[in-house]
């Protein structure tokens, strides 16, 4: 267990370093005048950007040699200081707390909802492959996959906010606000996870231990519950782990349509506005989340599948 | 219990499954629409006619017109060619290196595998959106960085799946037997490993194409996609979206094309039920 | 619950199984009574497993059974899927082949036994657990309740499966190839267990290709060939003085009845291992192991499973590196001339390639005359012993008709001028 | 099926809970995000939502009104302006608004990047109850500049030791209860605003970037007051019996910024031809859904004195455009694109998505220009690319949205945009001595009648020369739920008068 943690910690360190360096390098080589972009980001499109950019350049020391800037970043990183956003001037850590925090909540809610929807449907589809439930499940999954998230979001808003009037179309802060964006994401996730689950269940159903469990005389519910779900969950969990990572950053459109202050939104702004500390901080946080999620997936897989515990 | 007796369905030549035929027909029809459509539909997809703004379906414009009065049929045909072509290209660009690197990592192991694993993990840890946006910053509005950026984030999945599946296959006795019989690595990978992983890769590829199209539309939604007046299915949805209340069917036309593509791919890639 | 439900007779009459219009099993009639187990003996593809499936009610939907199967009067063929399913565990239980695959890999063995009491017997959880422990104790696995299947040997899994089949207390026990993949010692202990079940009053229907099992179980023996029951009668009679020519051929093919092969004069050493040692982790398999194989010589390495027999073979073939020691091969002998026959022959064929294609590629690789090979493979296809099913499967090597594969495999290896065939456990028993 | 049922149950539970949670809070939604607390960055949010105030304010016609300064005067030489701070104004931290505090805020604004940097200021000081601004040369529009949001007056406690704004302590009717950048701001009524108690004491502002979402917030009743509606939603919202839609034309014009130094646009005929090519009526009808926004000249009617009613309007005339282009030496090439001396008339139109309607208008312009044989590539980028490409001279065409009420008097913007050498958002590679003299004279003149003539002439010149080509004017559409009354539309977007909004009974 300690070894596992240490290895994870080392991995996190490597990820932090590489991600930071990579972002820094990429942001450096981007064409265009960073000061101009920062100025536009700060003062908006009506401002006198060129003049503001001169001030920005001076204020931020963007003229310094880039190794100096990078070492600066590293030195502060060691003290857990991610610097200040070049655009808002607020500490990057504070911004991340709000935006990454909001995104993580959203992602968590989405995953929870998708777990209720996707695998449940997947199990019913997988128990009778090619039955009508399965075909319906396939159709639903394909429809949800072909709708871009903003279209799906709009449809949900129309249904839940306008037609039924149950939920607010946008906003954040309460769990009512979380419901629609989370559902939008969850449906997108469930579209795939239901198929993954369906395939996993269909495989399990054919497995000798599942057949034997039936031959033992167990009622079907017990067979599925005790021998089907756990075994089918193994591939589903590793799939969901990957999804969770895509989710935290892949939600930018959902965030903007639901006016939800997430990290995707922040990242897009930070990149467009050349807010290097913000991009680095975000990428770093995302990298660490990636490490954490993979570790969690490994732990969950090991819990589900005793065969994996041997190797640890 | 039945392993000892040949299941009778194996006695007959296995019938090509109906769903696959439907899937293939669907894909063929879409491919024809994408390839031939732009030639058959004479209308210029960029020609505007304000008097025909949001013309209804079935009138003078067969599939209606968008808010600028541009023929939606022409735009869909050109858009299908571009979107499907680009998705296909993205998928190939992701799949080929992904599969090859996966095979290499599983076959050679050692430092090569270690390095590739690290690389894959870094790419996974880097937000994909960031990669695409950064690449796009070099040449805004161009296909090149857009599809390259998407491929760069998508190859990892191919790599990971190929590596793990190949690793399990390579442990099986028939590989060992082939080695003892003197077959070279090229032959083993080509004749033994590739056929085994092909169905999985096909499924992944289907998903990757859908992902690519949706990703491009998502990027259009945050105004970093392709530039007007390029007819691309994703950006068409974004353009038409504000008119959802007046012309809901118009908005849904491009998603319907995407739906047919994903459905076709899904049907064709679906695992045999047996 | 463990006392078997009282079933007096299983009577199969005129059982035929068709796939479309093609009969696969024809006119089987037999009956089973307490105290008198019945063993169906036959080759792969002879249809014996289908008979068991028909009794169990698990025939694939494309197969149609006709005739009657009466279990104390109830007609099994006529009953609905729900009725059949109700019988599982309660009236009929099945001892699966390859029990290490039939046990849930993610669940400890104890609960897998206990759930039978819990869900089939309707017992409360603590009571089910206690009974499960007793069941496991009965088969000598009292200590193993907390183990996962992957932590157990094949024999332990087999015993666990027996405990499970036993737990529900059904009146009829069907054992489908109960000794598949087990070595001689384990085989004997499984047979002993089965005999105990018979003594406890259960009906026992055993499906096997292993004559030794049939002999040991006694009772009645039926011999199946191409879907027909060609011979049936008391074991001593059928196995001792077979009347049917096929029965005789089958018995002659049994390794037990093989003639002792005269030891060929020993030539030079073709292959030798000196001071071999191998350990997996902290588990030492062997140390200072010496072995030498001379030309014309057959060397057998025997021992219980897990003792490192296979590893020795792999070391000699160069597939595994020994921790210490060295392997010497005769000079100027191509490495291709050291080949291996596999324990599980089907697994040694690529699942996505036809055997013909594989052989052709092999011929091309070594610049051999394909014509000669073609004959060789044709010869194989036309052998009478290769059943219909098997012939169809010849197209796809994914067949699990293992003997056919084994034969096929021998052809493949023997086409190369091979000097050494380390053969794995199955043939290691041959002396 | 079960899932649907479950979702339905959850939703029902949610809806019942939600109705209980309804508070009497004025919920406002608008497109602006709050990037930071610096007044130059997001002072407009705090000004519009009446958290902070400026010395001078403006009414709906652009007439200057007293704000924190109850009166102002200028010395005879035009070099010294005195603004007298009202005595009853109090910051939200209960300290009084003094001339000292106001001067400090203005000094900071002057040192930063706001509009004050454009004034010829030599000194800002306080003198008793007066803020004194001394100039290097006379400048008539100083009070108008003090309307701008970057000059909001904040309490001394708003700044940290280095002079950075850390929080907003203003003097308006609302004070900040909580701020969650970049999307949410919650306000509560200030205890003793000099203008009295606000009608609704709790306000929450949510930044909603997506226009469709804003419309849905209004329709669902989740927001009481929604700013800046998409043109397509306006008609639908007008039909909604629960909503009131208010529309005002605002002093913002979408113009094509041209590089008059480029061979494509160096001839005034070429610029006029482009103007003739543009189907302004079509664009306003189809994309903006409001034919009144057809920009027949640079300034909209709302800008009194700057809109010249009898000016010859800019119209569409494709034949005239073709003729002018031919006169300028452009002949159709084999591919239908005009060429001159082997050079194709192929240009890049740069625009940005900060204003959602710009890319669609650019797309329309692209198709229209193609009709006369001009090949336009549209490039949608970041707003900074326009000034950036202006600076390095590579810009050919840009579609921009120009605000003429950065100070309520457009002279500030004109002064900037059409100075010699041009400016980021103004002319490029174009200068005109006559206009320059006119504008400078205007800047120093405060007599209205004298100004009117000068203004008219300036507008006429811009119409003839077309250093940048007006395309459409802009409107501000506000949707208010009928639950509330007293909503006003401020075309200058100085403040939205939330304090006077009441619950309708």
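Each chain carries a letter (A, B, C and D) given by its place in the written order, and its residues are counted from 1.
Just so it is clear, a contact is a pair of C-beta atoms (placed from the backbone, for glycine too) under 8 Å apart; a residue touches a chain by one contact, two chains touch by 3 or more.
Everything numeric in this text was worked out from a predicted model, so none of it was measured.
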item	value
Of A-D and B-C, whichever chain pair has more C-beta contact pairs	A-D
Chain whose averaged C-alpha position falls nearest the assembly-wide average	A
Label of the chain whose CA centroid is most distant from the centroid of chain A	C
Separation of chain C from chain D, taking each centre as the mean of its C-alpha atoms, in whole Å	84
Euclidean distance of C-alpha centroids - chain A vs chain D, Å	36
Distance between the centres, which are taken as Cα means, of chain D and chain B, whole angstrom	43
Multi-chain contact sites of chain D, meaning residues that touch two or more partners	212
Contacts with two or more other chains, residues of chain B listed in rising order	1, 241, 244
In chain A, residues with contacts to at least two other chains	32, 154, 211, 256, 272
Graph class of chain-chain contacts, one of line, ring, star, complete, other	other
Touch relationships between chains, expressed as pairs	A-B, A-C, A-D, B-C, B-D
Residues on chain A engaged by chain B in the complex (per definition of touch)	11, 14-15, 18-19, 22-23, 26-27, 30-32, 129-130, 138-139, 141-143, 145-151, 154, 192, 199, 202, 211, 242, 245-246, 249-250, 252-253, 256, 264, 267-268, 271-272, 279, 282-283, 286-287, 290-291
Complex contacts: residues of chain C adjacent to chain B	19-20, 22, 24, 44-45, 47-50, 52-53, 56, 58, 60, 62-63, 94, 96-97, 176-177, 317, 319, 335-336, 338-340, 342, 344, 347-353, 361-362, 365-366, 388-390, 392-393, 396, 399-401, 412-413, 416
Complex interface listing, chain B residues touching chain D	46-48, 50, 53, 67-69, 140-141, 223, 227-229, 239, 241-246
In the complex with chain A, residue positions of chain D that touch it	2-3, 6-7, 11-12, 14-15, 17-18, 21, 29, 35-36, 38, 40-41, 112-113, 117-118, 164, 180-184, 206-210, 212-213, 216-217, 219-222, 352, 354-355, 382-385, 387-388, 390-391, 400-401, 403, 406, 416, 423-425
Chain C contact footprint on chain B (complex, rising order)	1-11, 172-174, 176-178, 180-183, 187, 191-192, 195-196
